Structures are given as structure tokens and as C-alpha cells.
Amino acid sequence: GRTGFPEVVFGEGKTVHQIINIINSLMKTNRRVLATRIDELKAHQIQAILPMLTYHPVAKALTWVHSEEPEVLYDGYVAIVCAGTSDLPVGEEAAITAEAFGCKTERIYDVGVAGIHRLFHQLERIENASATVVIAGMEGALASVVGGLISNPIVAVPTSIGYGANFQGLSALLSMLNTCSPGISVVNIDNGFGAGYYAALINQKTSNKKGTYRNEDSIF
Amino acid sequence: GRTGFPEVVFGEGKTVHQIINIINSLMKTNRRVLATRIDELKAHQIQAILPMLTYHPVAKALTWVHSEEPEVLYDGYVAIVCAGTSDLPVGEEAAITAEAFGCKTERIYDVGVAGIHRLFHQLERIENASATVVIAGMEGALASVVGGLISNPIVAVPTSIGYGANFQGLSALLSMLNTCSPGISVVNIDNGFGAGYYAALINQKTSNKKGTYRNEDSIF
Amino acid sequence: GRTGFPEVVFGEGKTVHQIINIINSLMKTNRRVLATRIDELKAHQIQAILPMLTYHPVAKALTWVHSEEPEVLYDGYVAIVCAGTSDLPVGEEAAITAEAFGCKTERIYDVGVAGIHRLFHQLERIENASATVVIAGMEGALASVVGGLISNPIVAVPTSIGYGANFQGLSALLSMLNTCSPGISVVNIDNGFGAGYYAALINQKTSNKKGTYRNEDSIF
Amino acid sequence: GRTGFPEVVFGEGKTVHQIINIINSLMKTNRRVLATRIDELKAHQIQAILPMLTYHPVAKALTWVHSEEPEVLYDGYVAIVCAGTSDLPVGEEAAITAEAFGCKTERIYDVGVAGIHRLFHQLERIENASATVVIAGMEGALASVVGGLISNPIVAVPTSIGYGANFQGLSALLSMLNTCSPGISVVNIDNGFGAGYYAALINQKTSNKKGTYRNEDSIF
Amino acid sequence: GRTGFPEVVFGEGKTVHQIINIINSLMKTNRRVLATRIDELKAHQIQAILPMLTYHPVAKALTWVHSEEPEVLYDGYVAIVCAGTSDLPVGEEAAITAEAFGCKTERIYDVGVAGIHRLFHQLERIENASATVVIAGMEGALASVVGGLISNPIVAVPTSIGYGANFQGLSALLSMLNTCSPGISVVNIDNGFGAGYYAALINQKTSNKKGTYRNEDSIF
Amino acid sequence: GRTGFPEVVFGEGKTVHQIINIINSLMKTNRRVLATRIDELKAHQIQAILPMLTYHPVAKALTWVHSEEPEVLYDGYVAIVCAGTSDLPVGEEAAITAEAFGCKTERIYDVGVAGIHRLFHQLERIENASATVVIAGMEGALASVVGGLISNPIVAVPTSIGYGANFQGLSALLSMLNTCSPGISVVNIDNGFGAGYYAALINQKTSNKKGTYRNEDSIF
Amino acid sequence: GRTGFPEVVFGEGKTVHQIINIINSLMKTNRRVLATRIDELKAHQIQAILPMLTYHPVAKALTWVHSEEPEVLYDGYVAIVCAGTSDLPVGEEAAITAEAFGCKTERIYDVGVAGIHRLFHQLERIENASATVVIAGMEGALASVVGGLISNPIVAVPTSIGYGANFQGLSALLSMLNTCSPGISVVNIDNGFGAGYYAALINQKTSNKKGTYRNEDSIF
Amino acid sequence: GRTGFPEVVFGEGKTVHQIINIINSLMKTNRRVLATRIDELKAHQIQAILPMLTYHPVAKALTWVHSEEPEVLYDGYVAIVCAGTSDLPVGEEAAITAEAFGCKTERIYDVGVAGIHRLFHQLERIENASATVVIAGMEGALASVVGGLISNPIVAVPTSIGYGANFQGLSALLSMLNTCSPGISVVNIDNGFGAGYYAALINQKTSNKKGTYRNEDSIF
């Protein structure tokens, strides 16, 4: 919570037992909790013990918000723009993360450049966001296209979707780093969490409302 | 000439003397000659001996067409679509190559995705071509965008323009190979010649007029 | 269908349920349907609901042609040239794709350079095609050899067949991009679909017969 | 200017003549102009014609602000945190860019992790910025360290400073993409401009004052 | 044993039968035995035959010390500094290895740079070690941070923990090789054994007590 | 001389002075001397002092054979097969090396796969060699083609000729390592010396005549 | 059989049925047959139909020699030098291949550079071979060491044994290609067959006895 | 000086003026100074102002020791083992660094594995060192060979010497990281300074004499 944000549990490689313990202790000092990279089976075992948690199966995330804590803490919203259906899990991880941090989100899915006209119908919704997350695999061209059309800060997430010379997301990653459109920064391949977090940080900064959740954990 | 096309001289690494000799001998059995990758200094030294050659400084190419040979041999045209000014040398190499082979060309330059509205004004000219060459460096997103908007066969040329994580054109190359738009094939980084040749091949095939230049060279 | 071609479903990562729904809706507005990357098990589950579909097990593709739609829509044919038996699934994906789009095909298989004489008996069949797809793994030399012998536009497909310093198809991919034979363009590793589509596009353009299938879907 | 920001000229690969023409025309419709990647020699030739431009030799940038335009347009400031002296040109490119866009900046230089105590004296200045640019070559660890200590959105810029297994900045780039600290996004190697632009975008969004410069250029 | 150190068995790829035979024969001529990379199942099968062996499940190592051989042979200790919980198996492999060679160890775990204040509480324990092993995955920044704060020789171990642009530990490996902090050398990704061995070698050299275990095996 | 072969000087990075000293001392105990990687300027300076040396400008090699030593020491010959004119320096390095070791050579140049019929006229000369060196840049397909046609042991040399996705010879190197033709082994990119040496070794082994040059240098 | 050598079946990716058919037909026109990359299960199924085949489980190879054909066809022998126990499958593939082609072999195993004295006891056996295959994973240093000590032509085989920065054999492959010892050529990672074949080719050439097996298969 | 060691100036990219200023100020608070990566021209300009500095042209380093400071501060010595003449600059950088820190050194040069018997005559000198630096380019096998023969801690330095598949030192770097000999750690390509520093650190720790130079600079 040092960053004024709820503590997050990275579930990959942790046992059900470990995750339950960590969440349990976080719930004592935080009013919002997020756990990512938790598969369906683990989620059900955790929920058996901690039934107040909500599981988001596409995002593979568990969230909890204290009953006295408002769902939404900030003005504005984060736009989540996603190229194809295979990129949805990363898109949902970003969306659930931003929401766990008290942001509103707008999901704009299936607007990849192979059918670019679908994107054009959504430009206003994207432009009006505080920050935009753009998620794409394959060649990752969507980030450059959106970046050329809107003036928001964009956080681009390359995904590992593709095959052959895709090299598990390298293609989209290099694309996004070399974009000729300004106003785009990049996080790691498949890192929906990192992008959602980053966009939420910008949204929080640009909001007039200020989040109220408790956050005891100090830096030093 | 084995492919029904004029002989081409690859000038890189050849001396002025060697190039003059090769062109001289080609001019005896061919009615069209093309030499690529020839810098300004070399070109002038070659033209001092062979003044009938035309030098194209941006393309760095020398061409010659026999006085009895028509400039244009085929119906239709090849569209050359270029992202940025730094990509022009590759664009011109492609255009001059297609023209050297008797095709008409349409140059559609400076239509990169960072200012995508400029591309939209040109879509009809691109759609009506027999084949389209798309040239882009940086993240190479232009190929996917054009591929998503038109139904022509597209030959994509990644260029080495960029820096950092561009890795001398690797970024655009991977982008184009991983494109989510159908109808796109790829040639080597900076290979304007290869793309112009390929597009000319398709244009020749789809044309009702048939080229007339002499071509003695047989396969076996 | 925006490109004048039937809609194609990329099956990888989609559920049986999703694929059935998409095909169902495509069958209402298209007279030809193609779905690729569908394994045997999924195919049977889909066919249980949609028995009018044909499954091609080597290509792992499902196809459907409306009963009033002719199998073949164009003059000429696409040649599919394949190096080894391990490359067959990619070869078949290319062939079935070209056929799904109304092209005739000629399969010329098992003509890799280790036994190059087998290729020589097939040169005429290759030369007479409208376009040629060349498929090879390992070192991918077949593309250069065919490119040096025929004058067709060639679409080269590197496959991931090989081991060690093959790096999942990188070796053949680089080979094909660096070919010293002109008239060769390249698609992604194992992308039989992309090559079949591209060759069909050229065949369609060079044909006097014009395809008749319905295609309602417009660009904007 | 489509993004509400001044037009920027990327000087690399452009002639003095081209740059003068572009700047000249931009000065007619914009009140702020920035040109980057311009070496000392070129800069002097351009200033001979356009003496109202200011040259920043370390950043290798030219800037101009209309006489009626205020230097600073926004509240808050952008922090520019730089690891070593060799990284300064990238740091200055970021700083001059942010300033060209009307932001105040704070330069916090020579605070690399090999002497980490120097960083600790600067934490408050970094924490109070609207956004922070962190610039580091070699192993790029500075981004993670700053990210672990402050709660600002950080834009990390890997530089190509280093040798051997540095691979021209790949080491720092991968470091920053794989950071275990949250709140960090990344731009291309040596892309000080991109980071300064991005941080200015966030600063602009979080400011109560709103920039006043003219910006005629519309999207469609 | 040629290096004055106990023989080590690398268990990966060896059968239970082979491992039992090797350990059996080593126990005749050595007073300390270590076997690494042995999973739980294999370990139990080996212990069924050789019940005097101790299994360390996190390290995946089997050890044995002769009843007349002291546990600790040297003064001083080796510090094992570990970034995150996922790095623990590598940390334990290093610790068990150093202990198998007669060194004392201090484990300093979960002190990654995302929560750098936890590291500061441990600096003295690290500084007072004879040699320090630093283990980190992701971006591997911990090695540089520790290296900037202490004056011990550090052996850095990159781990394969991470995803996306981590490339199975390449990110941390390059980080550690390019460190700007002096006094750091590097072993292979995940090579806890190599680091524990190396640190033990330094500890042995700097100790006044000298190890007593038997070691018959001569070089030539 | 330990291998029954003359000593070789690798000239790259050595001064004229150093090379003269080494050659001088080798001439006292050897009857054949070879020095490679010596540019024209250095060669002339060395020949000014050691006028009995012969310089081969394309191979960039200096050779010397004692006046009582026969030029040719072995039966049979080494075939040197070269794809394009740009590969000639590597071809000549191989040829001069094999000759320096007392082998006859047959040069078969300019037989790349883009004009494969030229190769077919030379097959018998290649088949009858004791060993064959095949040299090619670009995609390196020539090695596989020759390997599929003849039964000699082939030493393949990838060259760094090419551009773009050639990556300084990586393309040809991977091609040759992944060849589907048997009977091919590979040396380093541009290593004409290594291939000439290896082929000479095989030729020496298969010859009935045995070399007579003095060779004082023993192993231990 | 075109190379004067028995036909070889590459078993990987072929069905039991296909392998039986190929071997059956080869046995009609050849007196020696070799099939590689055949796992234990497949081997037993093939032997159930073709009981005259011998299976070599470590090499994963099936061989057959006609009852009237002598086991050994040539003078001399091929030395197979192997670094570690994990490299044995590759070593055995090489050995069985050379034997299938009528060569005698000497296996010199477990002589890696970590215990280099074991190698020294075997130098004479290696030196006296017609050709030597050196097999090593990890850092592949064994090839350079053997190459520095003996004067035979060496065929080096990198193996994929190792982890971390080994990158599936890349480390040993680069080592062997960059060897500073002369007389070494390289085949693909794990390609025991290729090395055994190549060494047999040299052994056959240097032998006075000439192989007698029937070999009907002609090139054209 | 925080590490109990003299301050070191990294000369690359610094101006003569900057270097003079830094050295000047270091000489006030330190009794030993080292500056690395300083070419001959710069060195002479610096020495014109600071004539008390000693320049080491092969190492490209400047050193200074206060007149009251003893040359040697510690027992024992550091062995510097170097493969070939091209590796000498890295070897000398390591040696001069260790000496600048008060260690004795033994230089053991030109003992590469292509002539491995030269190494065997030096084993005792290497074994008796406190720590050993092994420097090699090409395939870097020397580190494994030395590591297999001696029991010292070894710091291995890959150099960028080589060509082709050497990839500027990657080959030797991977070799050393994947060594099968224990007791080896690795620093960056060409980082003679890092290795000399590290070996000096071990030598200092194992020495009974303790260095006396003044060192005012504290950590926090």
C-alpha cells in the first residue's frame, strides 16, 4: 500500500494456502484487495475459505472491497482497448485491476486493425478517457493506430498471441516500442496488471475526487 | 532474363569497371536494363562511359530502355505506398524497378499511421492497383492498416529506419510477418527491388497487354 | 468478406461453441466458409451440429460451399510445392485454403532438395500455375531452387520442421527472406493459410472467369 | 498538433534545408516548436537562417516559443532522474521536450545505484512531481529502485550506454520491462523525446492551469 | 574431490539406480556428499535404500555428512540474499551447497527492490559475510543494489522467474553482467549450486580453520 | 606444425612487425608457411622485408614454399564451389589454404542457385574431388543443393554477404546447419581458411602420395 | 543410396505403419538399412512385424544388415568421443550410424573437460582413428581441447544438454563454430546421425577395403 | 572508495578536461587512483597536466600511487591467464587493476587450448594464486580447461575477439556461463577491470597483511 494503492497478490507459483494467508492479513489493514494469476481451480479452493472474494474467470483475478468502501473512488475512466478475442484475458486483467483500484472502466473490445472501421466508431469513447490501455498480440499495430488518432496517454500491452515469427509476443513488443505515434509507453508482454495499475495511477492523479480507502503500510 | 524479365545488376560491392562491362553486354541481348544499389559517384563514372543510362538518385538505380522499346508494357499499375520520408529510398527503388519492367506506378508517400487520415484520402488509388507495395520502418504498422482496408495482393517491405529496439528493421519485419490482415506477403528488410519486381510480376500476369522486349536467355 | 473473399474462421483458441456460432452466422451471408486450425476432436463436435461441413484432417480445416455455388470459380491453378512429408499439414492448409476460395490446385509434394531430381520432373506443372506456394522446413532451400527455375510469383512458407539450430522455423524463414532468386515473397512460419490466400488472390486477379459467391460485407 | 501539443520535427536524416522549411511553416500555425536529433553543425546552419531558435547542445534540440506565449503552461513539474553522466544527452532530450510543451522540470542527475545514497537525498523532489522520467543505461536497475520508493507514474528510458553483453541497450530495456516495481512503463532505447512527451502529457492532464498555445491542426 | 571439496552428483537426467550407485561409491572415499536436482519422488526412492541421506525439498538436494565429520569446517559465513519467494529454490540450492561444503550460512530472503527498505535492515549481516550470493529473477536489480551498498565479493545468480520479455532469465542475466556496481560476478541462470560452491570456495580461503574431510581423489 | 601441417599465421590484429617476426621464425623450421587476413598495404610492407613471399590479393593471404619443396604433395584435389562474386574472397582464402598445404584445387565459381543450370555443368568435377568446399552467402541454399547431388564430404562455409534479415551471415549459417542433405559439415561464417584446411586434411588422408615437408614441432 | 551409402529413415514424425513400409521396400534393394529417432514403443511395434531388425535403445535406432553382407566394410575406425553421460544418446546415434555404414568404431565416453585427465589416457586411440566425432553439451569446450591435441579431421556435435544460458545447445554450437583449434567442422545440435555419417564418409574414402553392399538407387 | 578500495574513473566518453578534474580531486582524498579506457592521445594530454600519473598503453589505463603508499598491500597474488595475443588488452586491464589495488600479479599469457601443452607448464603458478582471472575470446574454452585443473576461485572474462558466429563475444560469454567445471564465475565481455577488481577483492580477503591506503569516502 506504500503507493497509496491497495496491496496486490501475484498468485502465480503460490499455493492456495499461501494465498489465503496473505489475503487474510491484507484484509485487516486494507479496504481493497486484488490477487492476479489465479486459475479457476485455485480460485474455488480459496473462495471455499474466503467466500467474500469475487472471482473474475477471464481475468483470473480475485477481488475484495470492504463493505463500507465505495466501488468507485475517482472521476473519469480508463479505456481498455483490445484487438482480438484471444487478447481478452489480458484485457480483463487490466480492467479488473483498474476497477480494483477504484477506477471506472470502458471496455472496447475486438477492434483490431484487420477490421479497422470498428475502431473508428469508438474513437470518442477512447479520447474521453483519462488514460487508455491498448492490448494487442500478433503484430501489435493497434497501439500505433490508436496513438495516431487520440491524444490520451496510452499504455500499450503486447500479448503473446500469435505463432511462428511472433516469438511469444516479441513481435508486438518491438512494434509498440518502435511506434511512430507519440504518447505511447509500454509494459511487459501479457502484463495486463501493470497496464491497469499504470492507467489507474494516471486516472487517480487527474481526478478531483480522491480515494478514501485505508492504507496503513508506510515506506520506511 | 530467364523469368521473362530484364536482367538486373546488383551494384553493391561491384566496381565501376565491372558494372560497365555487365551493362554493356546486357544491352546487346536485352531491350531493358536495370542496375540497383549504385551510389552517386559510381553512377557519374558509369554515365561518363555509358551516357544513354538514366540515373535515379533517390533510388540509387541506373536504367536504360532501348529506343524502340515502349516505356510501358502492361495495363494497370503498381501502387507504391510509403510511410515516412526516411523510407523514400526504398520506395523509389521499388518504383523504379517496377517501371524498368514496363509497369506504370502510382507513388503514395508520407501516409504513415501517426497521421492516418492522409492514408484515407488515397484508398481508392491503392485499391485500383494490380498490386501494392507497402514500405514502412519503425514498427511497420502501415502494412497491416493498408491490408485491413484494401483487397489487393500487398508486398510489404520493412525498412531499417528506426533506432534502439528497432534492431535495424527487425521490428518492422516481425510486424509484417505477423500481420493480422490477410493478403500480405513480405520481402527482406530494405529490399525495394524485390518488392517492385514481385509487384511487377503480378501486374504483368494480370495485364491484357503483353510485354515485347527481347529476352534470349534460356534456362537449360 | 470485405476483400471479395469468403470469411475465414481462425479456430485456434476458440471453443466449439464459439466456432459453431460464427460459422452459423457466416453461412447466412456467404456462400463459401473456411475454418482453419481445428483439431480432429473439435471438428467432430462441430460436425455433429453442422453436418454439412467437410473436415480435412491433414489441413485441420473445415470447409463448406453452398449447394448452388460452383466448386471452381477461376481459370488457372495454384501450385502447392512441398519439400518433405513433415511439411504436409502446412501444404494441405494452403491447398484447402486456395480451394475454399474457388481455385484449382496442383499438389507437388516430396520434392525437397536432398532428392532434387524429383523436382525437375515437375517443373512444367509449376511453371504453368498462376501462382506457386513453396513450403519447406529445415533449411528452406527449396524456395530458392524453385525460384531460380520458374518465373511465377512464388509465396514461400517456412515451416517449423527441424530441430537444434532450426529454432522453430527461424532457419527456413531467414533463408526465404534472403533468397538470391527473384520473384519470392514470404509469409509467417507455418502460415499455410496466408500463402494459400495470397496465391488465390493472384489467381483470381489473373483469371478471366470471375467468382460468383455472394459477399454482402462492405468496408465502412 | 492533433494531440493538443506542439508539432515536433525529428531531425535525424533530414537536410538543413528540409528542417528550415518545416520549422518555418510550423511557426505560422503553432506558438511552440521543437526539433530533436539535430547535431551542432546543422543547428548552426539552421540558426543562421532562423536566429530566433534556441539550440540545446546536450539535448541536440532546437526550440522556439512565440514571444506572447508563456514559458510555463501547467502546474506541477516533471522530474528527470538520470543514472550516470553518459546518460545525460537522453536526460536532456527528455527535459527539453517537457519544457517545450510548457512543463516545469526538475533535473536529478548522477543518482545511479552504484552510489544509491545520492538518490535517497532526492526522494521527496521525485515523489512530488506529476510524473517522473527515469533514465539509465548499463543494467537499468535505477528504474526499479525509484519505482520501489515512490508512487508517481514513472516513464523509464533505457539508454544504449554500456558494452559487451549490453547489446546496445537491450540489457536496460529488458530490465525495465521486467521490473518488479509497479507504476513503471517503458519507451524505446534512447528515446528521451518519447519519455518527455509522455510525462508532459500526464503533467498537462493533472494540472489545473491549461495551456494556451494555438493549435490549428485537426484530425480529419 | 580434486578441488579439496566433496564430490557432487548432478541428479538431473540420472536414474534412481544410477544415483544410488554413485552416492554409494562416493561415501566410501568422501566424508561429505551432495546430490542436486533430485525431485521429491526420486529422493524418497533413494532414501529407501540409503536412509542416512537427508533430503532438502526446496533445494531438491540430498546431503550426507559422515558421523565423525563436523557440520561446520570454516570460520565466517556465506550470506544468501534472495529477492522473492519464487527465487527460494535457487536460494536454498545455494545455501545447502555452501553448508554441504562445511560453511555456515545466513539466509536473507524476500528483500527484493520493490520493497527496498527490508533490505536496509539486513545490510550489516550481509557486509559481515565472507562472500555473498545474491539471487534474483525478473529484472535482477537486487544484485546492483546490494553491490552498491556492500564491499564483499558478490556472486550473482539470475533466476528464470518472470514472464514475457524475461526470456527465461535472460533479463536478469544481462542485468547482472552489465551491473554498474563493482565487485559482482555472475553464474548461469538458476545455478544456485555454482554460486553456493563459489562462495564456499572464497569462505574456505578466508577462514583460519581448515576443513578436515577426507578427499582421496587426485588430479593425475 | 603439430598436426602434420604447416604453421599458419592469423594476420588480423597483428602488426607488420609481429607478422614478419613470426614468419621469419616459422621459415626456419617449416618448409611451407601461410599467413591469412593480411590486407594489401600490410602485405606490401611485409614483402619489402621478405620478398620471397607471394601475396594473393583476393584471398588476402601470403604464402611461401621452400625451393626444395614440391608445390603439390598429394593425389586428388579439393573442389572449391562458390555461389556469387561477392563470396570470392572467402573462396580464394579456402583455395589458397588448401594449396598452401600441398593440395591441388579446382575452382568452380559463380554457380549460385538463382542460375542453377550453371552448377549442373560442373557436377562431375565436384563429384571427383576428394573433398568439396561449398561457399555461399545470402540464404546459403547452394550447400544443400550440392549436397543433394554429390556423395563427397562437403565443408560448407556461410559468408556474411547479404543485408537486412541476413544478420551478417546468420541466415546462411543456420541454413547450412539445418541442411536436409547428408554429408555436409559447417565452419564459421567467412572462415575460408578453416574449410580449406579441413578439406586438405581429408585430401591428405585419402592420398597415396604422402607430404614431405619438414615439421619439427612436437605436441608435448 | 545415391551416395554409395545405405538409405536412412528419419523416424521422427513418421507412423509405425509408414516406417515398416519404407524399411520393407529398402530391404529389397539395399543390403544395409538404418532408421533413426525411433522410440522404444515404436521400435517394439516395428520389430513385431520385422523381427530381423536390431533395436539400439540408447541411440533410438533400428538397423539391419543382410545375412550375406559383412558387418565391417572398411579399414580403420571412427572414434566417438563424448563429454558426459547425458550426451550418450547423441554419441550412440553417431556410433550406430557409422557402424550401419560398415565402419568400426571406438567409443571414448565420459572424458569431459571438468576431469580432463581422463581424456589424456585416450589420446592415442583418438589420434589413430580415420575421423573423430566429438560430442559435448554445456559449453562444448571438449571439441577445442581434442582439436588442439590431435591431427584427425574432427566432426563436432553440440548437444542440447544444459540449462539457463545454454539456450538448448546454442552455447555449445557457438563454441564449436568459434573454436581456435583447426581441423574441426560442425553439424547441427544433437545431430549424432549427421556426424556419424560424415565420419563414415571420410573413413570410407581413406580405407583400402571398399564396401560391397548393393545400392541400386541412381541419381537421375 | 566506499568498498575499501581506491576510486576508479571509467574514461570512456569522458573528456580530457573532465578526467583531469576527477583525478585531481580523487588524489586529495585517496592514496591510489586508477582510470581505465583512456586511449593513447587522451593519456598524453592528461599526463601533460598531471605528470605523476603512469600510463599503461596496452591496458589503456592511468594509475597513481601516493609516494608514501607501498606498491603492494597484500600477501599472495592474482594470476592472470590469457588465451591469445588479441586478448592481451583485456588481460592487461585486469592486471593493472589488481596492481592498482595493491595486489601482486602473475601474468600467464598465450596459453590457449589450441596449444594446450603450454598451459600445463604453468599449472602450479595458477594453482598457488589467491584468485585467478581467465581471459579468452573465440570459443572461450580456456576457462573450463583451467577450471577443471585447479581449485582456485576463477573469474572468467569473455572477450569480443573473433568473427562470424562469435557475435562480439557472445560465444565466449555463453561458454563461460555454461562451463561444466565448478569454481568459475563470469563478468561482462571485455571487462578486464571488473575481473581484476573481483580477484583483488578475494586476494585482499585472504591476505594476512591489510592494505593501508587512506579512504575517506563513507557510504551514507
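Chains here go by letter, A, B, C, D, E, F, G and H, matching the order in which they are written, and residues are numbered from 1 within each.
Heads up, the rule we're going with is that a contact is a pair of C-beta atoms (placed from the backbone, for glycine too) under 8 Å apart; a residue touches a chain by one contact, two chains touch by 3 or more.
Model, not experiment: these values are computed from the prediction.
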{"item": "Partner chains shared by chain D and chain G (touch criterion as defined above)", "value": "E, H"}
{"item": "Of all other chains, the one whose Cα centre sits farthest from chain B", "value": "E"}
{"item": "Approximate Å spacing (C-alpha centroids) for the pair chain A, chain D", "value": "26"}
{"item": "Chain A-chain C separation of Cα centroids, rounded to whole Å", "value": "37"}
{"item": "Chain B-chain G separation of Cα centroids, rounded to whole Å", "value": "48"}
{"item": "Rounded Å distance, chain A centre to chain F centre (Cα mean)", "value": "59"}
{"item": "Multi-chain contact residues (two or more partners), chain B", "value": "2, 115, 149, 164-166, 170, 173, 177-178, 182, 188-189, 219"}
{"item": "Pairs of chains in contact (touch as defined earlier), listed by label", "value": "A-B, A-C, A-D, A-E, B-C, B-D, B-F, C-F, C-G, D-E, D-H, E-G, E-H, F-G, F-H, G-H"}
{"item": "Contacting residues of chain B [partner chain F, same complex]", "value": "2, 12-14, 158, 160, 168-170, 173, 188-191, 219-220"}
{"item": "Residue numbers on chain H that touch chain E, as the complex places them", "value": "2-5, 8, 130, 149-153, 155, 173, 177-178, 182-189, 194-195, 197-198, 201-202, 205-206, 219"}
{"item": "Complex contacts: residues of chain C adjacent to chain F", "value": "83-84, 112-116, 138-141, 144-145, 147-149, 162, 164-167, 170-172, 174-182"}
{"item": "Chain D - residues contacting chain H, complex", "value": "85-86, 115, 117, 161, 163-166"}
